[in-house]
Structure formats: C-alpha cells, structure tokens
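Would you mind keeping the following structure in view while I ask a few things?
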Amino acid sequence: MHLSESVTTGYFFLAPWLVFAPVIGLLINIIFGGRLSEKAIGTVASLASGASFVVSVLLAWSLAAGHGAAVTVPFLEWIHIGDLELDWAFRVDSLSTTMMLVVSGVGTLIHIYAIGYMHEDVRFKHDPGRFRRFFVFLNLFIAMMMILVSGDSYLMLFVGWEGVGLCSFLLIGFWYDMDTLGRPSWANSNAAKKAFVTNRVGDFGFLIAAFLMFWAFGSFQFDEVFEAAHAVAPGVIVAITLFMLIGVAGKSAQIPLYVWLPDAMAGPTPVSALIHAATMVTAGVYLITRSAELYTLVPQAQYTVAMTGAITALFAATIAVGQYDIKKVLAYSTISQLGFMVAAVGMGAFVAGMFHLVTHAFFKALLFLSAGSVILGLERGHHHAEHAHHEKKPIGKSGKSKAESGHDEHEVFDPGDMRNMGGLRKTMPVTFWLYMIGTLALAGIVPFAGFWSKDEILLDASRHYPAVYILLSIAAFFTAFYMGRQIWLVFFGEPRHEAAAHAEESKPIITVPLMVLAALSLLGGALNLPFEGFHQLGHWLEYTLHEVEAFPLNLQVAGVSTLVALFAIFLSWLIYGRNPLKAGQPDPLKKPLGFIFTGMENKWFVDEGYFAVIINPFKKLSYFLADVVDWRFWHDWFHETVIAGTYNWLSNIGLNLYADQKGIDAFANWLGTATQSLSATLRKVQTGFVRSYALSVLLGVVLILGYLIVK
Amino acid sequence: MEFLLKPLTLLTFFPLLGVLLILFINAEAKNIIRWVALITSLITFGISLWVLAMFDASNVNLQLVARYDWITVAGWNIQYFLGIDGLSILLVLLTAFLTPISILSTWTAIEERVKDFMIFFLLLEVGMTGVFLAQDLFLFYIFWEFTLVPMYFLIGIWGGPRRIYAAIKFFLYTMAGSILMLLAILWLGIYGGTFSVPDLIAQGNIPADIQWWLFLAFTAAFAIKVPMWPLHSWLPDAHVEAPTAGSVILAGVLLKMGTYGFVRFNLPLFPEAAVRAAPWIALLATIGILYGAMVSYAQADVKKLVAYSSVSHLGFVMLGLFAMNPQGIAGGILQMINHGLSTGALFLLVGMIYEQTHTREIKVYGGLWKITPVFGSIMLIVSLSSMGLPGLNGFVGEFTILLGAFGSKAINNTAYAIASALGVIMAAVYILYMFQKMFLGPQGEIVDEVKKHGHGLRDLNWREIVTVVPLLIFIFWIGLYPKPFFALMAPAVEHLVGMLPIP
Amino acid sequence: MIPVEYYIVLSAILFAIGVAGVLIRRNALIIFMSIELMLNAANLAVVAFSSVLKTFSGQVFVFFVIAVAAAEVAVGLALIVEIFKAKHSIDVDQMSSLKG
Amino acid sequence: MNLTPQDYQVLTPYILLTAWACVLLLADLFIPRERKSITALLAALGLAVTLGVTLSQVGIEQTGFFGMAVLDGFSTFVNALLLVSGILGIAIAHDYVKRMGIERGEYYTLLLFSVSGMMLMAQAADLIIVFIALELLSIPLYVLAAFARPQLSSEEAGMKYFLLGAFATGFVVYGTALVFGATGTTSLAGIVAAAASPSTSTLLLTIGAALVLVGFGFKVAAVPFHMWTPDVYQGAPTAVTAFMAAGAKIAGFAALLRVFATAFSSLAVDMTAVLWALAALTMILGNVIAISQTDIKRMLAYSSIAHAGYILMAFVPYGNPAVRDVSIAAGLFYLAAYAFTNFGAWSVVIALEKKEEKGLAIADYAGLGRKHPLLAAAMTVFMLSLVGLPPTLGLVGKVYLFRAVIAGGFTGLAIIGVLTSLISAYYYLRVVVTMYMKDGEPETVRETWLGFTTGLSAIVTVVFSLLPQSLFAWASEAVLKLF
C-alpha cells in the first residue's frame, strides 16, 4: 500500500470533526460555561464527545464500504522547512478507527457518567466552577486522543501523545488544593506533576526515536517510514524501536516508568476510568501496533518489548495484591493488564494486543466507574452516619458546615479504603453485580470478554515465547486473586465501618452507563472469537497490519488459564471470603507472607528507590548548582570577588595609596637599595609631593632615554 | 526627505516622534503621556505590519532597502543602510509587537516618573528595531550600543532594591562583549573597504585564522547578550531587578539581539570559522540548556526562575543556529520569537501578581488558581508554551531545533541533541514546579497577607487581559499553524545554509 | 680650542644638578633656581653647538630662552610671594593639601 | 631679510588676537570693577573676530617668517578649535568668576594670551617658536590656576603647575638644544633634511626628540608626566580647569603632531614603541585611578588623563605613511570631540559648584535627574560621550581612533583601548547613577552663558555624532595638507 489515495466517496471528509467536535464543546463551555447550569455543561460536553463517536462510526462505515483501504485526509500544512515537511493529516484505516471508536465510545459513556458523579460527589461540592473545568478538560482530552489516534505521521501522533499527557496532568490535579481525602495538601498536585514529568521522560524517548526516524527515513509519515524502513540498517531500527519503547513505557505505564499511574488515582474516578484505564494509557500499545512494520523487522526489539510487558504484568499484579485502596488495586491491575497488551504487541500478536486493549477498555472502565459508584455510596453512607452522629450530640456545632466539622472532630474518613467497606452487596446491589461482571471479565473467566482476549495473548506467547507465557500466566493468577480479594473485601462480610452500613445505591445516571459497559464486557469477546469464520477484529485490522496470524482456540491453553483463574479465586475465598475481615484486623496475608507482603503493600519501595536514586540527587544537584556553583561561586565569588574585586582592588590602591605614588615609591626604594650612594637622598622623595611628581617626570625621562639608548 | 519616507526608516524612527511629543507634555499628565506612548508604539506596530505586507518572502535578498551614504570621507565608507529579509522580519515584528504590550503593562505599575519612563522605552524601541534592520556594521553597532542606555535607565530607576547594581552589571557586561566586536567591525571595515554586510559577505575570502579571531570577537558580544553559559551571570540580576516591562523587553527582544547577531553576522561573514566552532557552541548550548534548567528548578524567586529558564531556552536557540541546517536555523529563529512571546508573557504575568503582592518568593504563594482562575489559566497556557507542549508555539521551535541538531553535519554528534532533549524533561520539572507551587496546592500565606491590607487578591482586570491575550493568540497560532512564520524565513534560511561550507 | 664635547658634558652635568636640585630641595625658591639652572645648561649647550656649527640661530634661541625665563621668574616669584603670605613658608612639601 | 605681507598673513589670527589682548589689558583698566562683563564680552568678541579671520583662511597654505611659522589646513583646524574653546572658556567663566568673587578683568586677558600661545603652537615650524609658544600658553595658565587667591588650594595648584611646568620646559629646552646640536638647525624642515644626512648623530637627535616629547607629554598629561593634572585641575578655579583641559591638550597635541610627524619622522621606528607605551600606560592608569575618585573635578581630571591616552594612540602609527594621515585626522577629530564634551561636562560641574569648594562631590549630584532633568540629560550625554557610546561624538571619535590604530597594525593597543573604555564606563556611569537613581536635593544655578555652553556642547556632541561627515572631512583635509 502506497500513499493512500484520497477517496472522495464516503464520509472521510468528516475526519477533522473528530477533533473539532470536542474542541467546539470545550470552547462553548469556556465561553458560556459561566452562565450554564451543571447539567447543561455536562450535556454540551457529552454531545461533543458523542459527535466524535458518531463521526468515528461514520468513518468506520465508510472504511468498511471501501474494503478497508486506508484513507488520508489532508488538513493543514504544519511545519515546512528544508526537507522537513510535516502536515496535519487524518489517517483513517482500520487500526485508527478501532481506536477512535473505543475512545469516543467509552469516552462518551464516561462523560455521561461524570455528569452524575461530579454532581453526587459531596466531598467537593464547595467548588462551583468544577463542572465547567472538568468537562472542558475532558473534552480537551477527547480531542487530543483523537489527534493521537488519527494522526497520519509519528509527529501528529506525538502531538496528541503530549496533549493527552497534559490532560492527564490537569485531571489528576483536578482537586489540586487537597489530597484524595479532601484535606488541604500538595498531594494531588504532586501526583499530577509526577504523571506529567514521568510521561515527559517517556516522551524524550519518543522524540529521540522521531529524530532517528527523520534522519534515517526522511519522513515522519507512516507509509513513507515503513516503505523506507526496509532499506535501512537494522541497527537504526533497533534504536528507533527501543527509544519508542521508552515512550511506550511512559505513556502505557510500563516498567520502569509506571510509577505515575497509581498516583494518578488522585483524579476524580471518571478520569481514572477514561484516561488511566481505558484510553490514554493504551496509546503505547497503539503506537507499537502502528509501528508493527518497524518492530517486525527487528526481533531483538520485539523480544525486549515482550519481556518488558510480561515483567510489568507480573510485577504490578503482585503489588495489586497488597493494596487497600479500591482504586489503587484497579490501578495496579491496569498496569498489569497494559503489560499483557504490550507483551502481546511485542510478540507480534498485534491483533491480540488490540483485542485486549478493546475489551480491557470496556471492563476496566466498568470496574473503575463501579468503584466510583462504591465510593459515592460510601460517601453518602458516611454522610448519613455523620448526620446521625450530629443529631445525637448537637452541642453548638450547628453553625459549622458538615464538611468542616467532620475535619475537626474525626479522623478523616477515606471512602476508598477497602478496610472501611464490607457487605456492600446488600446496600448496593446494582453496583455489586456490575462489579462482578467486570471482575470476571478481568479475571478471564469464560465467556466474559477478558477471557477471549487474554487467551489469545497467552496462546500466542505459548507458541513463540515460553518465558513470556510463564510470566503472563503467573500474572493472570495474581489477577484473579486480587480481584477475588477485592470482591470479598468490598461486597461480602459485614460492614467494617458505619459508612458502609449506611451506604446507598447510586442513581441511574451513574448506573446506566455502567450497564452499557457491563454488556460490552460480557459480550466484547464476540469481536474476535477464535473460531473459524470469526476473527472479525483480526480481519478488520488486517487491512492495516497486512499479515495477521489467526489461531483457532487452543483448548489446552484456554483450559490452563481458566483453571488458574478459578483456583486463584478459590484461594482468595479461602483467605478473604471464608472468614471475612473484621474492622481493624490486619490483612490475613500479612502474617504468612511476612516481608513479601510488606513489599507488596509498599509497592516494592520503587517510589522510595526513585527518590533515593534519581529525584533527590537531582534536587540536590539542582540546589548545588543554583546555590553553590551558580550563585556563590560564579555570581558572587567569580563576578563579585574576582572581577569586581580586581576593579575595587585597583581603585583602592588608587584611593588609599595613590597608585602611581606607590609604584614610584616602590621603584624609588628599589633604586635606593640598588644604588647605595643615592639611596639616602632618594628616599627623601617620599617626603615631598611636588618633588615626587617631578621625580615621576624624571623617571619617565630616564625610562624613555634608557629604552632609546639601550635598544 | 525621501530618506525619511522609506518604510524602514519610518519604522525605526517613528517612536522618536512620540518621544518628542512626550517631551512637551507636563510630567504630571501621566495618563496623557501613557496614551501618547501607547499610540506611538501601536502606530509603529502598524508600520511594521505595512512592512510585512510589502515583504516578499520568496526573495532571499534584502528588501525595502534604505541605503544612503553617510560618512564617506577619509577612507570611511559608512552607509545608512537599512534592509529587511527573512532572517530579521519576524524579530522586527516581535519588537514592534511587544513594545505596546509592555507599555500597556506599565499602566498602573509605573507611577513614578512616567514621562522619563516612556521616553526611555520608546528610545529603546528605536534602538532595538535599528539593530534588527541595520545592514551596515557601523550603523548596527551604534544601534546595538544605544539600546544599552535606555535599558540601563529602565533597570536603574524603576527597578527593585538592588537595581543600581543590576543596571551597572547589565551595562558593563554587555559593553564588555560589544567593544571587542567593535574592534572586529573596524577590522572588517578597514580590510573590506566597506561596512555593508551584504558587500562584505559577497567579498568573502577572509583568511581562516583571522576569521577565527573575528568570529570570536563577534561571539564575545553576542554570547554575553544571549547569554550563553557561562556568561549568563548578569541575567538573573537584570531580570530580577528590572521592572516588569523592562523584563519583558529584555527577555523578549534584547536577548534576541545576541542570537540574531549570530545568524546575521557570525554565520555568513565567517562561515569557515562558524563551522569550525559549531561543535563548541553546541557544547556550550547544551550545557546551558541543562544547567539553566537545573538551576531554575532550585530558585526560590519566581523571576529568577524565569530568568534562568531563559538561559536554557536560549541554549536551544543557539543549538539550532549552529546546527546549520534549515531545520535548526529556522527553528532557532522561530524559537527566538517563541521565547519572546512565552517568556515575555511569563514576566508580564509575574509582574501582574507582583503588583498585588509585592513578593516574588514562590513559597508564599499556592492555590492561586482557585482565587484567580483567569490568571491561573493564562499562566498555565504560557507555562505550557514555555515547556514546549505540542500545539503551542514552544514545541514547534524546540522540535525543529532538536531535529536539526540531531542530524546536523556541522555539529556532527547526536549526543548534543540527545542531551538537549533531556532539557525538555527538565523544563517540565521546573515549569511545573513553579506552576504547582504558585497556582496549585493549598492556599498560600500571601493570600491572607494581601487580604489584611485591603481587598485581597483580585483576578486579572480587563487591561491586563488585553495585555496578555495578544501574546496568547500568537502562542496558539504559531503552535497550531506555524507555516506562515516558516514561510517568511524559509527561503532566507536556505540561502544562508547554502553559504556555509558544511563538511 | 676646547672641544665641543667638553661643553656638552658640562651642560649635561649642570642639567643633572638642576634636576637633582628640583628633586631634592624643598624650598620653592631653590627649586626654581634649579630649574633656571636646567635652562641655562641648555643655553650653554646651544651656544656651544652654535659656535661649532657656525650659525647664529642657536644664539637667537638662547636669547629667547633667557627672555622667557625672565618672564617665568616674574610669575613664579609672584606665586611664591602669594604662597608665603598665606602660609609663611615656601616649603613645597607643605603644599600638599591637594592629593589623592 | 624683509617681511612681506604674506608673512603677516601667515600669522594674522595670532597677531590679531595678541594685539587684541594687549589692547584689552589696557582697556580693562578703564572698565569699572562691577562691569567686567564688558571685558568678557570684548574678549569673546576678539576671539570671535579671530575665529572669523581664521575661517576665512581655510584653504590657504603658506609659510612665513622665514619658515618659522606656517599657515595650513592643520593650523586652521586647530586654531579654529582653540578659538572656539576660548569662547566657551569665557562663556563658562563669565558668571562663575562673579559667583566665586574672583572677577577681575585680567582673567579674560590672560585667557586671550593663552589662546594666542596655543595658536602659535599650532603654527610653529621652528623649535624656537614651539618653545616660545609653549611658554606663552603656559605662563597665563599658571596665573589663571592660582587665580582664586587667596584660596589656598588655588594657590597651591598654581604653584604646583608652575614648578612642574617649568621643570618640564627645562627638558624641552634641553631637548631642543640637543636637536640643534645634532642637526644644526631648529627649523622643522631643516631637521628633516639634516636627519637624512648620514653625518647627523642619530643618538643625539633621538635623545633630543625624546626630551621634547617629555615636555609635550607634560602638557597633554600623559603618564608618567601627568601627576600635576589632578591636583591642578582640582585646585584651579573650575572655569580655568575646563579651559585648560581642552585648550592645553589641543595645543600640546597639535605641537606634538607637527613636530613629530614632520621633524622626527625619521625616528618613527624608535618613537613608536615609546608612544605605544605612553598611550597604553596613560589609558590604563588614568582610567583605573579615576574609578576611586569621589570628587568630580578629580574624576574628570583623571578622565582627561585617560583621554590623553586615547589621543596618543593616534600618534603611535605616525611613522607609517599609509595610515599616518588617517590616524592624525582621527586624533584631530577626537580632540574636537573631546573639547566639546569636556566643556559640556565642566559646565555642569560649574552649575553645581558652590563657594568654598562645595558641591563638587559626585554624591552631590544625587537627584539631579529629577530636579533638573535637562541638566542631567546633558550630563548624561557628556558621560556617554566620554565612555564612547552612541549617540555621541565620543563614540564616533573612538571608532575613528581605533580604526586608525587597527589599520596601523596595533591591534593590541586597540584592545587595551577598548578594555580601558570598559573600565571607564564604570565611573562615568556612577555619575549617571547618582543623578538618576539616588535621591537628593541638588542646588544649581541658572546662568545664561553657562547654560549656553552646556546646551551647545550637548547639541554638538549629539548632532555631530550623527552627521560627522563635515567634521571628518575637515579633519582629514587638514592633515592632508600637513605634509
């Protein structure tokens, strides 16, 4: 396939509206948002995102009608200088439309959910501008994500890549003046900054890859790059792909750059679902898939990618086991699942990776949003409990707002801590069932979506990469285990906190989108069933990826993975389900696993390690450079003492001692000792001023004559 | 009279008309003076747009030339020679653009000696425009040195507590470099028989060793002005002490005079020497990028932070210029504009908050976004532009520079570009640090402090918004659609690259 | 006839004595006399040269020098008198209020 | 041996001025004490008339009085400059002497005599005339320096100037004697002719030339012959100082130029090194010591020493025929630039000076920018000109000088030159800083002629920097006709 011909048929001309729709939405909200109601703001944003989805569907339809031939929709000439020609063009092919559909589809659902969530979230009701801000950011995110997936060149992809990083920063730090519990703190903004900076580290890798690409291939445009790639030394391509891997590690939270993602849970829950589970973090997977033609040229790079993914999958899964925060568990789970995807695309199983990307978007969004529903329920429960509490002893506290008095009197209540939950299946039945669907999908139980996609990955690994297969299988075991643990801790047993006891089910605006997602999680597997005649996603992506291996279901692999999952769930029941956790009781695994559990609990101290090895030294070096080197040494000492000091020294001689006087006197003294007979007389020079001036004249004469005669 | 009606002459000297007018206005009529200055600078900006309209980007030669013999006796061959081409047009526009903005920013910030201030400011504009337009080395030198004087007063009279120290330091440092350049200019004038830059370029054939010395002499002047590491020591002082408008112009335009000098003079006049020096300049630029970024991060004073960030940003510009390929040089020139816009805007914004709080210490701020949402949002955009976010102007410049440097045959070492790309990460570190500590997080102590003395912090008023919005427009414009900007300079840049004997 | 070198050497010695006098003596009057000595040393040299070279221009010069020196004396003495009136001393070392 | 009208034409301006001065000396006796302005006016008139005569002689080239005096472009240029200096010297002094209570008619007469001596110096073509001119210009200055008697500092200044001046004259005379001994003539043309003959004792000639150089070095305040300068400049009445700084320097350099460029051109190889060292030393020492000065008069004195160094640079390549013309023209131009700047700066000093040597500290200038913006602006222009920054004559002059020096191949000296101007920026700027950036309540006087001097100097300093063509042309033509 060469440069895609511009097709005039179909709805391709709509491609720019992928981006413009949300941009218009956010502009409306910026300009008129101050006068619109919360609902209106949310509706505008959701419509904008929905419009994007409609465009995506139309594009997909047009594409299918054109037999999947990729189409490039030129839009704007961007940077033209020398032989660098960068254009902003939209690329519509099966791969990008898949991403568009996921992003705008899941995105729209989350927009709708967020209208309810942001309204319900009583913790933050004091901020009247939150709706406008939130939906502006959310629309911006959709726009950026669309740029990312629809870009026709690596550079446009990078534009979106950084743009979503920005949105991630803005949304993680949405409650920027507090921590996750609503106390005034730097915590949330630190988390946001951490995400941005870590992403930038990854972007650095991407940038270098882009530079290499340009100087090796002379272009950033996908087709041109792939075409030129065959003629280039593999060493260069290895370098490109590995630098790209750094970018992937940053965006898709892989070792060693995953550390920002758990902290990103500081953002509102819809954000965690949309950005930090379903869409943005999968951009790395998309990037590798997009670069399939580069990666397949260099197996050594593929192997590195696969191993990175597999190790991340396992590593993050172990940490998830030791977490207490409902969203943190999901966060590590996301890292782990991203590891699965990266491993898959690393192995060359691009369809499997994309498949898992899609199903994961469904069920992880579902899980996060359900977790948000749980948190809201708990919040409401806490609210009720507080209320009741107050009614019992209303002594003079009535004047204070509840939130404030809550801070004053109690230890701060954490609605996300699973140790405060328990027994929620009774109080929040809808959420419970939705959560169950998500869990089963994630754990990989037949016939939920996760089963099919994960199985495809494992199958591919078992064929070509045994090490990856083993790692991923263990990771799958942990996945099922920590999800089981979560279910038991959250929904079963007895409430461990007043709030859990008073928890309340969420409203339909929250639960209805969840149901849609639940349905998708249940049925998403149908996208690419591993049976002859199916493999629809595979065929769809084949338009873009050319050679796609499609394996039939392998009962051995599928059986093993199902058994492993079931065993893990059983194990979790043994530990957490049979004897539900009591309030205040430590985790039952803590004792038997000892320091291992401590490690899991503390995320294997990776953050601390980074602080010790990178961040603190960087800070120290910064302060050293700024204070000691630049200021005290260079600014003060060198410029003040040496340069200005010399100045002053010279002038002081002038001031105090009269420079030429001193010079001449010194010279006179020297002359005096040199010629004994004259010394006595000449020393008297020092007594008289006019005469020393005359002496100066004489010295001049002597020197000049001396020079002229001697020469 | 024809001389006076040349567009470039008009553009350069029009502010003098404002100066004359102001001279006859009573010093107490502050508002009239402000309006006269503002309108003068706006008309100047209008003239610059007129010049732009007449400019033909596809022509690589000097255009709209105003060339008259000036001093042509006793072996002198000095000309009044103004001209504009793709290398300078953007900077000229930037100068004309930033001046009214800076004047507007002083509306309430400068209450003392408004008359003097405006006079100096307009004089400064004359000097700066002249620097970018002069095509005769002697004329250039006159404008170059002339800019020192008004800026010196702006810092020294309206600056902060250590203003005199800063002003003198600024003056002496920049002069220290430029006097060496003067000698080199004289040498060129003597041996080339002319001071006209195009003629000198056409003559060429300066022996390699002499080229090297001349190159160094010019570099001394420009490198101090830029300032390149390690000659940056005057910058934090000057920036911290200068009044807001002074900082804006200093960062926005005056520093560009240095980088512009490299493009206009060092590269075409001494091509062999420039190629020879490229790896060394690249080394210094890279050190400057990383060093500036690190040192910025450790600052407690927000103006100082921005000042050091300039060291880092201008390191990028230098790296691009000495990449000596179209990407690098065009990126470098565009980055000059970008830096002028974003750092100018940063200084403006910092000045706006300083006007209310009278402190530049970062740690007393915090949580301002909530109290002043408009201010916070604009600050965010400007910060992002400064750290090179795609879609905003900073990225376009930095990316093309790094791309150019990476594949540069003159530098011939990808390590510089890679190390400089690390600077992009560090930019995020220090900019986000600043933004977070001032605008995010819990409310800082300054909020209550200000409340004690009056109404508490207010958000931007209309005048302030009008001041920064033009900058924002360009920040977005260049970021989203830089093509017209590149188109203006591309032919000239490629012509310049063609002149360089790159191995 | 005495060779011209003798005159020259003598004039040089006289000149040196004059210079030394200026440097060593503190009395303004004596310093002034030393200066006169320097001038006259020059005169001597000129006259000597003039006689050797058989030209008159040198002698003209001497007359001028003598005349001008006289004028100088007039001014110089007046100054010295003024100073003496004010300070009751003509020690040049006491004239050192201006310095630095 | 008959004098023709042509001979008189050569010295017309000089004769006219001297005669005018003699008449004025007598006329002054009849002018009442409280109306000495008339004397000043008459003196200025004399200078102006002479200036007219001088300017009418532009283009005429003659020698007269048997080759002892010449009239050429060079002398016309210098004389015009000297006469303007004289007029400015009177303008600056007119109100000052009244204010300081030292108004006496002799002041103006002495000034006229001094100017006539300076003019003669520029026209001298014989060492005898040089000597006479030297004394004629010096003796009135000795008196003028002590003019503020019985104020002790003034008397001290006069005394020092007199003793050291006479001392230096001794060297000139002795040098002349040796030159005469070596060549058998005192005429400059004769010396050139004799120097070419192998029988001439080069050693004697060289020593003689060196001693003459010392005398001129003293007059122009070159290091190490400069030590009288700060004391005398400080002690003398400020108006005298201003005149002295400009006039004596111009005359000294004019003579130095003529004598060395014509008579001693054969010694160029040796002298170049000496002049190089003198120029370098003078620039360095003058500027460095100036940094520490707190008294404006002393500071300007050192500045004047430093500028002597810059002008000396123009003489360094005098033996190189290729650049000699340019460099001497540069020197002349710089002298003109310096003269105007100098008068301007001193006029501001006078505006601030009060009785009993008050108001002379640099600190006394605090707040001037606010209280008297025009005066401060003018002072800023002068300071910038002294540093050598645009838009002032100082820059153009320096550029001209450095160009000559570089063209002569003395890049090292040029580097010293620019570096020392950098140093000088520091102390000149301090004045500006004090005026604009420190608060104070300076008191100034408003005097018509003083203001005239300040304004004229400022305008000339700025305008001629932008339109230096005519002055350039004149200076270089002046030189072309010298040889």
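Residue numbering begins at 1 within each chain, and the chains themselves are lettered A, B, C and D in the order written.
Everything that follows uses one rule, which is that contacts are C-beta pairs under 8 Å (C-beta built on N, C-alpha and C of every residue); 3 or more make two chains touch, one makes a residue touch a chain.
The model shown is predicted, which means the values in this text are computed figures rather than measured ones.
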Pair sharing more residue contacts (C-beta pairs) when A-D is set against A-B: A-B
Distance between the centres, which are taken as Cα means, of chain D and chain A, whole angstrom: 76
Rounded Å distance between chain A and chain B, as computed from the means of their C-alpha atoms: 35
Rounded Å distance, chain B centre to chain D centre (Cα mean): 43
Computed distance of Cα centres, chain C from chain B, in Å: 65
Of all residues in chain D, the ones touching two or more other chains: 159-160, 163, 167, 171, 293, 426
Junction residues of chain C, two or more chains touched: 19, 22, 31, 92, 95-96, 99-100
Overlap residues in chain A, where contacts from two or more other chains coincide: 655, 658, 690, 694
Those chain pairs that satisfy the touch definition: A-B, A-C, A-D, B-D, C-D
In the complex with chain A, residue positions of chain C that touch it: 19, 22-26, 31, 92-93, 95-96, 99-100
Parts of chain D lying in touch with chain B, wherever the complex brings them together: 325-326, 329, 369-370, 373, 384, 389-391, 395, 399, 402-403, 406-407, 411, 414-415, 418-419, 421-422, 425-426, 429-430, 432-433, 436-438, 468-469, 472-473, 475-476
Partner chain C, residues of chain A touching it in the complex: 655, 658, 681, 684-685, 687-691, 694-695, 698
Parts of chain D lying in touch with chain C, wherever the complex brings them together: 127-128, 131-132, 135, 139, 142-143, 146, 149-150, 152-153, 155-160, 162-163, 166-167, 169-171, 173-174, 176-178, 180-181, 184-187, 230-232, 234-235, 293, 295, 298
Touching residues (chain side chain A, partner chain B) in the complex: 76-84, 127, 129, 155, 158-159, 161-163, 166, 169, 173, 176-178, 184-186, 188-190, 192-193, 196-197, 200-201, 203-204, 207-208, 210-212, 214-215, 618-619, 621-623, 625-627, 630, 634-635, 638-639
